[in-house]
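Below you'll find the structure I mean.
Labels for the chains are A, B, C and D, by order of writing; each one numbers its residues from 1.
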C-alpha cells in the first residue's frame, strides 16, 4: 500500500481537488434555485464574508423548510467554489469559529450533569449530548442530498487537511468533518465492484490518475492491467458512483511473483486465469485525499480474497508484491549516526571489499549514487547485508506505539498477513531504488491464520513472519 | 397522511415485522462463517444470556479484525431471531443496560471539562464526546454491511418501540437507535423512484401490504392505481433497495377531486395524463414502523411536485384529498362534556329538528350509529354544522405545542400547504364515517407560497387556509 | 406440451389478439407522422379500399425514402386496426391478391431458366429468385422497425390463420408471413430469461393469461410457481421484449413426481433447491398464436436442462409430468366401433365384473359419466386395462406420417425424451379426466441418449420407452 | 461519408478481421461440446477437406436434433478459424460448390411450373421456391445462435468479398450471404445508441480503430469528440452488442462550419450545447466490412437529426462538413486528356499567370506537387477555378446510372440533402489535398424538403443545390 506522504504530492492533490470541485459544481448548480445575490469576491472581503455568514445562519435556521435549506447549502457551496485560496481559508475559518459549539453552553450542561441526581441523570446526559452537536455539522450534513454534494465535502476536506495541521480551530472543524465522513463512508455502505476494460472510460481515466504505487503510463498499460489474467476491484459510495475510493490490482499467476516488471509487461501473453494458483496483490491506491484517516484497505483485501477464492478454485495462495517505502530513509538515518561498516558482518564486509576493489570506504557514496546497480559483482555483494538489514527493519516496531516502522508492513500486518519473502531487485526502477534499493516484499494472506496474526500483532505487537525472514532478521 | 396510531395496528406491525426479520435472516445467515456454538434457547435463560453477553463483548473488542467483528454481529442477529418475545426483550434489555455509556466516566469527563482552563478545553471536549459514545451504538453499527443488516435494525426498532414506551432503559436504547437510523436515513441518501406496473411483483406486493390510507383490495386495484393517469413514487435506501420507505399515490385529473371513490374505481376509463390540470395526492403511507420519528413526507411531496410539474406542463394545481382522522374523536370528546345541542346555531338546530322530526335530542345517538347516512334529509341538515365544526377543528392549535390538533393537517401545514376545501361525504365508507363523518379535506400546495406558509405555521403557529375555510371556521 | 386445438379456444385467442393489437397501436401511432387522411370506415367499403390500395402501393414504391416508407407502414397498421372483422378480411385479401408475385413474370423467368445455356444459368437463377419475392413481403418487412411492429405482425397472423384454413389466397399470404416470421424468430435471435417473482407485474400477468396446461388461478398461485424450489424460463425476441414466446415451469423435487396436485399446492413448504435430485417440467405453454408452426420447445427444454444442470449440481434426473391430451378421445372413437368388453383381458373383465356388481355392460356409461372416480373399487379395477390401453396408445404411430398419435408424446419424442412412466390418477381434475381418465405421463430426458432417441424416432419411427411401458403396451 | 476503397485498406481490414475472428472464437468455442476429432491442417489438404465435407453434411441433415446441429456449426466455425488463407479459400469454395442449389432440381421445378395448369400453380410455385433455397444458406443460418456467431459470419464475408470479385462460384456464395445478412441486419432490428465518454473502453477503442474519415489520434482526441458540445451515435445489432455497425460524429456549433480543424482541436473550450444553433455531421464511418452493400447511413442520419431536434430546441440547421473524395482523381483524369489551360476562363488564366509569374504552363506540376498551398498568391488564384470545377464535378451525374459522380455526394443526395456550400481549404491536410485540393462541402438537411429532394434525385436524377453552388457549377 502506498501512503501519499510527500508535501509535493499534497500540492498536486490540492490542484486536482480544486479542479474536481469546479467540475462537480457545474452539475450541482443546476439544482439550486434560491437566489442569494452575487457570488462573493474571490478573497472574501469582510463585507462579503458578512453576507455569507448570514446565509449560513439562514441555512441553519431552516427558514422555508428543509428543501429550501438544502438549496441554500448549494448556494454556499457555489460561493465557496468561486473563492481564491485566501477566500476559502477565510470561509473555512468562519465555519470553524462562528458555527462551533457554544463552550458556555457545553460547560453549563456538563456542570448540570455533574450535579444531577440519579433521577435526572438521563435528561442531563441528553442535554449534554445536544450541547456538543456543533451547528457547522448540521450545515455540512445539508450537502448530502445535492448532486455531487458528498464529493464536494470530500474535496473540501482535502483542502482543509493541510490547513488544519497548523491551526487548532481548523483542526477542530476537520475533526467534525472526519467524523461525519467516517459515518457516511462506513464500509458497510460501500459497494465493491470489479473494474474491467468494459468499464466507462470516464472511470478508467480516474484509475490512471489515482494509481499511486506503479504509475499507469497510458491506456495500453491500463488495458494490460485489466486483461483476463488480472483483476481490479474498487470500493464506491452510492452517492459518488463514479469515483473509486480505493482500488486494488491483482495478477493471477503461478507461484509468488518476485519481480514487478513481468506483471506490468504489456507484451506478455495473457494467461488462462483458471490455471493460476496464486493471486498477487501488486497495487493498492487510495483515491480520495479527503477521506484520509478512514480505512477501507482491510475490508477490500479480505473481500477480494473471498471473491477470487470462490471464482477461481485453483487459487491456493494469496500474497502481495509490495514496496518497502521506508527502508532506505531509515537506513540512511542510521548510517548518518553510525558507520555503515560497523553494521556489516565480517563475511559481508569481506565480500564487499572484494567487489569494490578495496574501496569499501566509499560504500555510502556508491549506495547514495545508485551506481552499484550497474555493477553485478557489487550488487551481488550488497545483497546479503541489504536483505538482512531490510528484514530487520521490517521486523522492528516503533518504540512507543507498537506498530511496524514501515507503513506498508503496518498495513498488511494489521490485516493479518505475514511477512513471507524479500525479493531482491524486484523493482530496480528509480523509485524502487529510492525507497528500498530495489527490494520488494511478499506479504502472505493465509485464510486460516489471518485472525490469529491480526490478534498477535494488534494485541501483543508480535509480527508474523516466515522462518526465512525471521532467520534473516536475526542475522 | 395516515399515521398508524391504534394499538391493534401496532400488534399486526409487530407480527409482520417478525416475519420480515426471519425472512431477512435467511439471507443474512449465508454470509456468517464465525461459529459460536448453538443458538440460545428461545426465552434466553441466564446461562445463554451470559454466553450472548460474551459474544457482544467480543464483537466490540474487535477480536480478529473488523471483518470478523461483522461476522460476529451476524451471529448476534441470528441469535436474536431465534428468540421468543420474552427472549428478545431480555436481549434488548441486556444491550440497553450492559452496553450503555459508563455514567461515572461521563461524570468525570464532564467535571474535567468544567474545570479545564482554556488551553485544555478542546481536549476535554473531545474526551467528553468520546465518553458519550455508547458501546451499544458501535455494536449496532456493525450491522450495516451485512446483507439485510440495515433492514434488521429497522425491524428491531419496530419491536423495541412499544417496549421503550414503558421503560426508561429501553427508551435510552431507542434514542441511540433513532439517532443512528436518522443519520443513515438522511433524506439526502435516499433514492426517489417512480413505481409502475412494470415494477417487480415482489415490490408491488409490499405496496399492497403497506398502504395505510385506502386499503388496496388486490392486484386489479393496484394496477388501476398505476395506470397512465396515475403516478406512484417512493423513497428507497441504497441498503434496502427492495423496501419502500414511504410512498405517495397521485391521480392526474381535471379540477380538484371532492370524492375518493372515482379515484379508486377500477372500471373508470384511463384518461390522458397530458390533458390533466390537477395532481391529487390521495394517499401517503409510511412503510417502516422502525423509522418512526424520521420524516420523509415533506421531501417526498416537494420532489414529486417538481417532477410532475416538469413532466406534465399542463398541470396547474397540486392538492391532496386527505382524511381528517381526528375529527370525530375530538367531537365525541367534546359532546361527552357539553351537550351537542349547545354547539348548534339556531338555524342549524331548526333544520335538524325538522329533519329528525323532533327527535333532535337523539342526535348523538343517530350520529353514533352512523344511521344518518341513509337518511338524505337528515344528512343534508347535518352538513352545515358538521362542516362548520370540522373547519373549526382543523383550524385549532394544541394549547401548548402550537401544532394543529389533526395529525394530517399538521403534516401538510408543516410542509407549507394550506387548507383549501372541505369535501362533504367524500369518503362514506365505514372508515371515513368513523374518522370524520365521511368528510375529507383538500390541502393545496401552491409553489409560490409554500415557504411563506411553512414559516408562518412553524414560526407563529399561523394556519394557512382559504377564505371559505376561514369563514366556515369562524362560523 | 399443451397444444391449443379447440375451436372455442381460437375465438378467445382472436379476441385477445384484437385487444393486443389495439393496445400495441397506441404506442405505435406515436411514431407515425405521415398524414394520409381519415382512417377507413370499419367495413372497408370499395372506395376506402381503393385509397388503402394506393397507400400500399406508395409504401412499396419507397416514395420519400425508406424512413417515409416505414411511416406509411405505420399508417397502414393503424388503418388495419380501425377495421371491423369484415374490413380486416378485405384488407388481408387485398394484400394477398393484389400484392402477390406476378405469375406471368414467374412463368417467364422459369421458362428462361429452362432454356438458359450454362453460361447464363446463374443470371437466370437470380432473375427467377427475384420474380418469386412477393411485393406483400416487402410491405410486411417494413413493420419491423416500428414500435410494436413485430408484435403487430404476429397478432395479424393470429387473425389470418383461421381465415387461411379455408381460402387458398389467404393461405399463400400466410405462407409468406410464416416464412418471414420464421426467419425473424429463428431461435438464435431469441433471449432465454429466467422469470422470478422479481419480474415486472406487467410480464407476470401475461404468464397468467398464457398458461395453457394447468391454469394459474391468481397471483398467489403464480407466486407459488416462482418460489425458490421452482424455476420458470421463457424465450423473448429483442423486438418484443415484454412478450414471452414460450415458457416452461419446472419443479425441483426429490424423485419423479407422480401427481400434479402437490406441485400446485400453495400451502406446501418451500424446499431447498440445492437438495433436489429431480427437475420436473410440468408445464410448457406457447404464448403467441401468430407464431404457430415455428418451434421453440425443443431448444427451450435443452437449454433449461443445461442451465439447471450447471446451477444445481445435485440434479440427476430431468423429466416431465405431462398430460395425455388425446387418449380418451382415441379410446372413445375405438369403443364406438368395437365393444369395450372385447378389448379387455379375461382377468381385467373379471375384476371389473366384481367391482361393478355384474353391471360390466354399463362400463362405457360409467366411464362416460366420470362416476367411477368416486368408487374406489371400480377405479382399482379400471386401472389395469386403462394403463395398458394408454401405454398402447402412446406407443402407436400414425399410419402414414410416422409420428406418435399423441401430440404431447410426439413433441417430447422429437426432442429425444423417452416415455418413462404412467401415473395413475395424477390429475383427477375435470380436465384430466376428460383428456385421459386422470392419467399423466413422465417423459425422461437423459442427456446421454437424447441424440440417439431423437435419431431413432425421426429416422425410423422408433419410440423410446422404459421397459415397464413397453411391457404395459405389449399387454 | 467515407467509403473505404483503396486496395491497401482492404488488406488491413482482412488482417484485422482475422484477428477478430480468432478472438470471437475463443468465446464461441466454450459452447461447443460435439467432439469431431482433430482440427484440420492449415491448408486443408484433400483428406481433411473430405472430413469437413462430412461434417457440413451432418450439420445439414440435422442429425441429433437442432441443438446438435448448432454445435456442429460451432465446430465448423472453429475448423475454419484454424485454417490458413489457402485453407480458408478451399473451405469457402467447398461451401460454394458442394452445397449450392441443385441446378437440375431447379430446372425441373421450373419446367413443372411452366407446364402447371392453374389448379396446380400454387403448389408448383412453392416447390420451385424450395428448390432455390441453397443448402449452404441453411448451414450459415445455424451460426446465429452461437456466441459471436453473427459476428463470425460478418467477418467471414469480409474475407469472402475480395475473393468473390474474381470468381463466379464465390460470388454466388457471397450473394447468398449478402441476402442473409441483409435480412438479419434490417435497420428495424438495430438499436441506435448514443456513445459518450461513459461508454466502455472496450467499445471506445473500436471507434478509434474504425474511424475512417478523420483518423482519431488517441484517447485525448476521442475524448474531445465526446465532450458536452459533441454527439456520437451508432447502430448496434442485438447479437453483436459490442460492435458498432456505423457511427456518426456531430459537433454542436454556431453557424455552419467551414473548416475541420476547429472541430478536432482538443484545446478548444467546450461550448454550451443548449446555445448551439447548428449541428455539423463531420464524420460517418461504416465499421463492418462484411456488411458492405447493406445501407444504414440514411436511417442513422435521419434518426440522429430527429433526436437532436427534440433534445436541443435551439438547433435550427443540420448540415455536414464532408470530404469530396473523388474530385482530384476526376480532375487529373480530365487533365490527362485535355490541357488544364483549356478549362480555364480568361480571367482565371490571367490571375494564375500573374500568380505563377508566367509559369502557368507548369500549373499541372504545381498542383501535382501540392506546393501551391504554401504560396498564398497562387492559392488565391487557384481558388476560383478549382471551386468552379469542383462545383461542376459535384453537380455531374454518371452517364448511365443517374447517380452523382462523387460517392459522398451520392450518399447525401440519396438521403435528401442538398449541396449547400464549398469550403475552400477546409481540410488542408495531406489527405484533404489528395482528395480534393483541401476543399470540403456542406450538405444541408432541411427537414421540410428531404422527401422532395430524395424523390427528385432518385426519380429524375435532379441534384438539389443552393443557388451559389448552382451559379458556381454553371461557371
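Quick note on the criterion: a contact is a pair of C-beta atoms (placed from the backbone, for glycine too) under 8 Å apart; a residue touches a chain by one contact, two chains touch by 3 or more.
Computed from a prediction, not measured in an experiment: that's the story for all the values here.
Visitor: Which neighbours do chain A and chain D have in common?
Guide: Chains in contact with chain A as well as chain D: not a single one.
Visitor: Taking each chain's centre as the mean of its CA atoms, which one is farthest from the centre of chain D?
Guide: Measuring from the centre of chain D, the most distant chain centre belongs to B.
Visitor: Just give me the whole-number Å value for how far the CA centre of chain C lies from that of chain D.
Guide: Each chain's C-alpha centroid was found; their separation is 42 Å.
Visitor: Could you state the distance in Å from the CA-based centre of chain B to that of chain C?
Guide: The answer is 50 Å.
Visitor: Distance from the CA centroid of chain B to that of chain D, rounded to the nearest Å?
Guide: Between these chains, centre-to-centre, one finds 61 Å.
Visitor: All pairs of touching chains, please: list them by chain label.
Guide: Those chain pairs satisfying the definition are A-B, A-D, B-C, C-D.
Visitor: Can you list the residues on chain A that touch chain D in the complex?
Guide: Those residues of chain A that touch chain D are 197-202, 204-205, 218-219, 223.
Visitor: Considering only the defined contacts, which chain C positions touch chain D in the complex?
Guide: Residues of chain C touching chain D: 63-68, 70, 101, 103, 106-107, 110-111, 113-114, 121-122, 125-126, 128-129, 132, 141-146, 149, 168, 172, 175, 183, 186-189, 238-239, 298-299, 302-303, 414-416, 450-451, 454-455.
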